[in-house]
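Below you will find the structure I want to go over with you.
By letter and in written order, the chains are A, B, C and D; residue numbering begins at 1 in each of them.
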Amino acid sequence: MLEGALLKLIEFLEMNNPITLSVILLVASLIVTPFIRGLIGAYISLAVCLFTSSILTLISLKVLITGSVVTLTIPLLPWAKYYPIDLSSVKLVIDPLTAYFTLLLSIIVFASSLYGFGYVLRFRGKEHLGWYGFNYSLFFLAMFLTLSVRDFILFIIFWELMTLSSQFLVSYEKEKPRAVKAGIKYFCISKFGAEYMLIIAITLTTLLAMTTSFSGVGEFLKNLQINDPTLYYLLTSFFMLGLLIKCAAVPFHNWLPEAHPEAPANVSSLLSGTMIKVPIYMMLRLLLDLSNPTPAWGLAIAIIGCVTLFIGTMYALIQVDSKVLLAYHSIGQIGYILLALGTSIYLYSLGNYLLAFIALTATLYHAINHAVFKSLLFLTAGSVVFRLGTRDLNVLGGLGKYMPFTAVCALIAALSISGVPPFNGFASKWMIYFSTMTSSTILSFLGAIAMFISSVTTASFIKYFTTLFTREAKVDVSKVKEVPAPMAIAQGVLAILCILLGLYPMLAIKASKSLAMYLGLSIPKVISYGPIVVTVPGKASISLLLIATLLVITIPIVMAVTKPKIVPRPWVAGVGIRPQHSIPASSYYRDFELVYYEPYGLGRRLYSALCVDFINWLRRSLPKLSLGLENPQNSLPIYIAIALLTYLTIIAGLRWW
Amino acid sequence: MRSQVTEVAKKLKAFGEVYVRDGVVKVVTDEDRLKDLILYMLQSLNARLATTVGVDTRVLTHNYRVIHIFSIDDLKIYVLVELKVPKERPAVRSITPLIPGADWSEREVRDLLGIEFKGHPTKEYLIRRPKLWLEHAYPLRKDYPHSKKVLVPSPQYDIEPTKGFSVAIGPYHPALHEPEHFELVVDGERIVEARYCGFMVHRGIEKLGESRLDIYQIPFIAERICGICGFTHSVAYTQAVESALGIDPPERAKYIRSILLEIERVHSHLLWFGVLFHVLGFDTGFMNVWRIREPVMELAELLTGNRKTYGVNKVGGVRRDIDESKVKKVKEVVNRVRKEFTELIDKFLNLSEVIERTKGVGVLEVSDAKKLCVVGPNARASSIDIDTRRDHPYAAYPNAEFKVPVSDGCDVYSRALVRRDEILESLSIIEQLVSDLPKTPLSVEEVPFKELSEGVGATEAPRGENVHYVITGRSRKLFRWRVRAPSYANIPSLLYMLRGQHLADAPAIIASIDPCFSCTDRVLVINLRYGTKRYVTLRKLRSLGE
Amino acid sequence: MLWLRLTYIVLNVLVALLLAPLLHGIERKVKAKVQNRIGPPILQTIYDLSKLYRRAPIGYSIASWILISMSFSYALILTLLVPTAFNVSLGFTSDLVLVIYLLTSTSVLMALAAIAGASPYSGVGSSREASLVMAIELVIAFIIGTLAVSYGVFTLPKLLPIWDLGFKPSVLGALTLLAILTYIEGLRLPFDIPEAEPEIASGVYVDFSGRILAAALHTHLLRRLLVTSLFIDFLLPREWFYFKLGGYLIDLSIVPYLIIMVLASVIYAVTEALFGRYRIDAALKLLKAMAIMSLGVMVLAFAGY
Amino acid sequence: MSSVGRLDILKKALGIGVVTRKYPYVRVEPPEGFRGKPIIDPDKCLGCGACAEACPPKAISTEDSQEEGARYVKIFYGRCIFCGMCADVCPANAIELSKEFELASKERNDLYLVIKVPMVKCSVCGKYFTTAPLLLKSLENVPEHLRPIMTVCPECKSKLSSRFTSFARRVGS
């Protein structure tokens, strides 16, 4: 009996490709980890994630390069096959779009898992590390499956699991009231905002389309666009609302700056780096794959993106908590991605294929760039938390001397997100500016605002970098050491990616080419991309490789010319430098804030109008539920309960129909 | 006027023995009646504290004395309130709770003479550096030799950690031309709290005057109290001595003193304008104002033999005459300066960025100004109408006609306006005096000497009222010489002005009172560049006022 | 022809390196004349820099050394991208946005380097510098937007001079604003807020010394030169000054370029001498007003004018 | 308004021209009566020391050398405040305040002016006691018959006079 089962398993593994192996390994770690309280519990899961993410990286790269689509079916519950819901097997399709986002996901998971080997030492003896491992694996698995399923019912179930697992990770440090509160808020917004909106959308769509598969819904929507645009916009509005809430677009951004910072650093990097890209994936899927591009959605997304990047970054400018600052920047950068996405859809619908294609490239490019540098930033902030236990930028400082490697990584990430050439952030932002500004549409203005916001990002990261690493600290940092090897390597990998992605934009361009081909969008022939130069013939061209080469030549020369003698501590106005002399994060740019006050007032008004009441209402009405959620030990039953509840709701709804 | 003085003197008799001399009323009172006396003077006589003097009179009467010098501007008199302080455990009741402006001078007496002030709101030292000073070293006591240093060797200047983000202005800073330390606690770029630490330059001039120098040498040393307004110190000193010795210098000497004092005021105010414009980044204004100032300096050089430190003053008269050819030159320069100054200054003061960075900046409320007993243009810009030239007439000022410009803006801009008008008034005074110089000798023939006689001499320095108090000693020497420079009264008000202001405006605010730190720091016997600092926090100052 | 091109490029770098301090010397002299002074010799800034380059710096922070070197390198690379003395640049990467970003990067790296010095003055100075960069960037963004909307081109060699692409009123507005910005970017009075000597003791430069200070100052001067050059390039029709000599194309546009640069320096210096320093909030308010104007210009361009 | 003001300022500035001088290369001539570096005329100096008495900052000092038979009158310009009191009190008008004011020096010794005035020996004890010019000057005002006693130092004089007094007292009694 047992032998037979084992033989079947091996046979199955041999027959299927490594994706199945990955899924099985992740599921296996889910079964094992809850029972191991110690470090091993987390390590098992991290090792599995490390391994599987490497596999998925390779597979998705293969798909992107060859352009072939990988499909496989994993048997799940053979008996659960009620029309229209088919749970007998899970069909995974890795097409270029999925592959691109899987690549992004698995790169970040790889770095985060590696980082986790060091970082979880923080919780040793304090927390149940098995649950950490469980949720971590589940989070990864759920994200991967969300990206690769082709069935709306399965999609929503994995989406649920993604939210739930990440929610437990956010409030993992359960003795911190802030973390618990953030977790509850995150849960409420995700559940009642995003998920239920999506459930409504999916229920309605599937009921109307009489199918739950993506392809079927796609046909239905495309028909609807011609026959009944009103209904199309109604249905997609529900979808988009849910997705925008999930990716924290303004004005639904409020949960993110509370939730993301509270999670352990490597989970923060996953949340900001990858999870908020999943809705972007779904938007691409919904608006470019499942339906034809429409100007209305394009413009709407672009405008929302612009507002998001503006508000998010302007608020980031005034933050004084390292991870909250980064979280606000996540909002801002999602704004950039949305702007590019919207531009692409809008221009495709208008027929400006050249700029539309560049915008599509920019969407994908900025998504991966943001994933890389934001993860890196969260990891560096985490390294500081790991060593000093605080995120307060007002008191931190001077760590560059004691954590030089982390400092260099943070500098690279900061320059990348600021869009300093030749790092990757510049390349994708440049594409955004070019595609928006030269379009001579209303998008030009959005592009100009995006360009301004880029300098606000820069200023904000001057603050981030200097308050952490260079100016004098107000706490004792003299005994701080560099982070352990796994954490340092993880940071290093991402830092190198920051540079390589900028120097070699071909990855994004290839991906967007194969995506455009897959989606049947036209690829403008007039564009030629050399291996190192991004060129739009006769209009614009940059070569970051050249800039980088020149920098590599000049910087050492200049450094050699200006080599200093290091002498004892400096002084100010005749006295030794004291901690009170170092400028606190709260004092940066105060006058700018006072003069350019409009966004702050606007943001507050939006926040109070849209979010506060809703959140308070939810909090008041859900005290019991939240009590249960505080305890990760209760997580499994609650998962099952809520997943079943959702599932049954849909089934009941369909049956009743 | 005279009858009013006698009336007041009669009333003051209720508080102790009263002695009246020309322009000075002295009340010898005791601790029990002190409070009532002060309240009476503040409420009925509108008195203003000039300074507090501590004297070690143990060799004479086996006690110390503390003398509070009040100015009653309406009656044109100074009132000296003298208190006897026992030799053993010297302590006396403080008047700081009643007059916050007495804070510094009382603490100075405490630091340098070891006299405790009971009920003084702060225990912090003003000048002494705990740990760095020799124990029981009270340099102004008579048994302390003038050549002995009070500091233990190699002190380190360092500051105590404070909350918040602080920006240090000084002791070495491009906006300050002397070593003073302001520590500004800043939020963003707004100043939340200001601290001051001064008394870093120590020349021991008072002690020197009481020990090594005789009364004829001191005018030259007194002139070196300040690098800008030295002559006013010299005149205040000679007036104090002349009052103590009962000498009346010849009229011509008085005229020459007045002329030189006004020349000094003109160049000092022009210098101030230059500094203000420089601090505001407007270097063209700075250069132009100093260009206009140059003839004034050359004029001083012609009249006295030096651009600064005129050295023409002596007890009983002056040393140099102004002859006809020089008179002509003076008139020429006055006209030229007036023309160029009026032509340019309004243009400079009307520049948008100058207005923006001075109007409403560094406001000193009238009530605060009164409470802190500020003087000079600083007071007049806060609509306190005082001017020693008019209120305590000296030298040739009774013979000249002039207005006292007053402004009610209370800000840096009004201080500039007051000074602008004062320059024009001074030029007119010079013109008036120089055209009718009386033909008398330059100085008295013989200077009679009186032992143990006291005198007060006050002048209106460019920065405000400058008070010198002397007690003569034996063999042509002084027993006590006390200098109250105007900046000493004005600097505490800076802490009020700085609060809530923009960091960028701090140098302009500090410059606006035209602080002269070397005037303020004249007292000590030590000559070390560093010492630890004592703070006068704004909160503490405020607590004095409540 | 390649070697001629390369010669021009090398000459461009050298001329920029020398011209930047020389123009500063001219500005100092002119400023002195307005202030009725004799003033320093015209070569004074070159003397200053050469003296500072010979001094070993006394540094506290390795970070500021590295960052200043980076800042200087960015400025050097810019001299390859922006046509200065001769009309050559690495055309295939000389992109308007790239150039603007590289220019901003020099300021940003300078601000980063300054805070590394740990003095409160440099902290305040950097904060001010970054605030100014943000406010300036808003205006520049709309100016670039205007050009992009009008011409749909980012490549500099295509944009320079602007006459070739057809002229529009909105572009005139954008260039006027750019002219004012070249002055403000140069952080001259009344905008020298980040260094404000009497307030924050030279702010961003307070902790640098010797060669590092020299590099920092040189970067600053180069930035001034490049911003002005960029503006001049928009207007200067360089083809008029090309001559064929024995089959070689000789670029004589250096002559009008130098004349215009000196003239610009004189105008800058006179303007600078007539202003006091703004407080940072006043400067930001002014830039905000300029941003609104530039938005108006862009709307004009959008409307097709 | 303010821009008009600025143009006026510019116009004014251009009208005035350059007012500064290349100072160390272009000499500056101080006016008559300038109080610069005090200089003692060694020919006139009596060595009486009145200037040292009067000097407020004690910049002038005198020192007698028995070995060399000379009195040194020293001015240390590092302390001098250029008040001119020395010139005022000098009985021989030997001190003059010159127009020189550039006194900065790298060498401390450059800041000293030393005058050597010869001294005369006491005709009784043989010690140097006063300067020759001072003695000559005072001899002018002394009757012929008393002049020999002027060459006696004060100590010997008091000894002599006490002897003389006791002699006189004896005679008187």
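Rule of thumb we're sticking to: contacts are C-beta pairs under 8 Å (C-beta built on N, C-alpha and C of every residue); 3 or more make two chains touch, one makes a residue touch a chain.
Small disclaimer: the values here were computed from a predicted structure and weren't measured.
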Chains in contact with chain A and also with chain C, listed by label, are B
When C-D and A-B are ranked by contacting C-beta pairs, first comes A-B
Per the C-alpha means, the centres of chain C and chain D lie apart by a whole-Å value of 63
Per the C-alpha means, the centres of chain A and chain B lie apart by a whole-Å value of 67
Expressed in whole Å, how far the mean CA point of chain B lies from that of chain C is 49
So, in whole Å, the Cα centroid of chain A is separated from that of chain D by 89
Residue ranges of chain D touching at least 2 other chains are 6, 9, 13, 16, 19
Going by residue number, chain C touches two or more other chains at 34-37, 120-121, 124, 127, 201, 273-275, 280-281
Expected list for chain A, residues touching two or more other chains, is 572-573, 581-583, 587, 590-591, 594
All chain pairs satisfying the touch rule are A-B, A-C, B-C, B-D, C-D
Chain D contacts chain B in the complex at 1-2, 5-6, 8-9, 12-13, 16, 19, 30-35, 54-58, 81-85, 88, 97
The answer for chain B against chain A in the complex is residues 157-159, 161-173, 179, 181, 185-190
Residue positions on chain A within touch of chain C in the complex are 400, 407, 418-421, 426, 430, 433-434, 437-438, 440, 444-445, 447-449, 451-452, 454-456, 458-459, 462-463, 465-466, 469-472, 533, 535, 538-543, 546-547, 550-551, 554-555, 558-559, 561-567, 569-570, 572-573, 577, 581-583, 587-592, 594-596
Per the touch rule, the chain C residues reaching chain A in their complex are 53, 56-66, 68-70, 72-74, 76-77, 80, 90, 92-93, 95, 97-98, 101-102, 104-105, 108-109, 111-112, 115-121, 123-124, 126-128, 130-131, 133-135, 137-138, 140-142, 144-145, 148-149, 152-155, 158, 201, 207, 210-212, 214-215, 280-281, 284-285, 288, 295, 298, 302
Chain C contacts chain B in the complex at 31, 34-37, 120-121, 124, 127, 189-190, 192-193, 196-202, 273-282
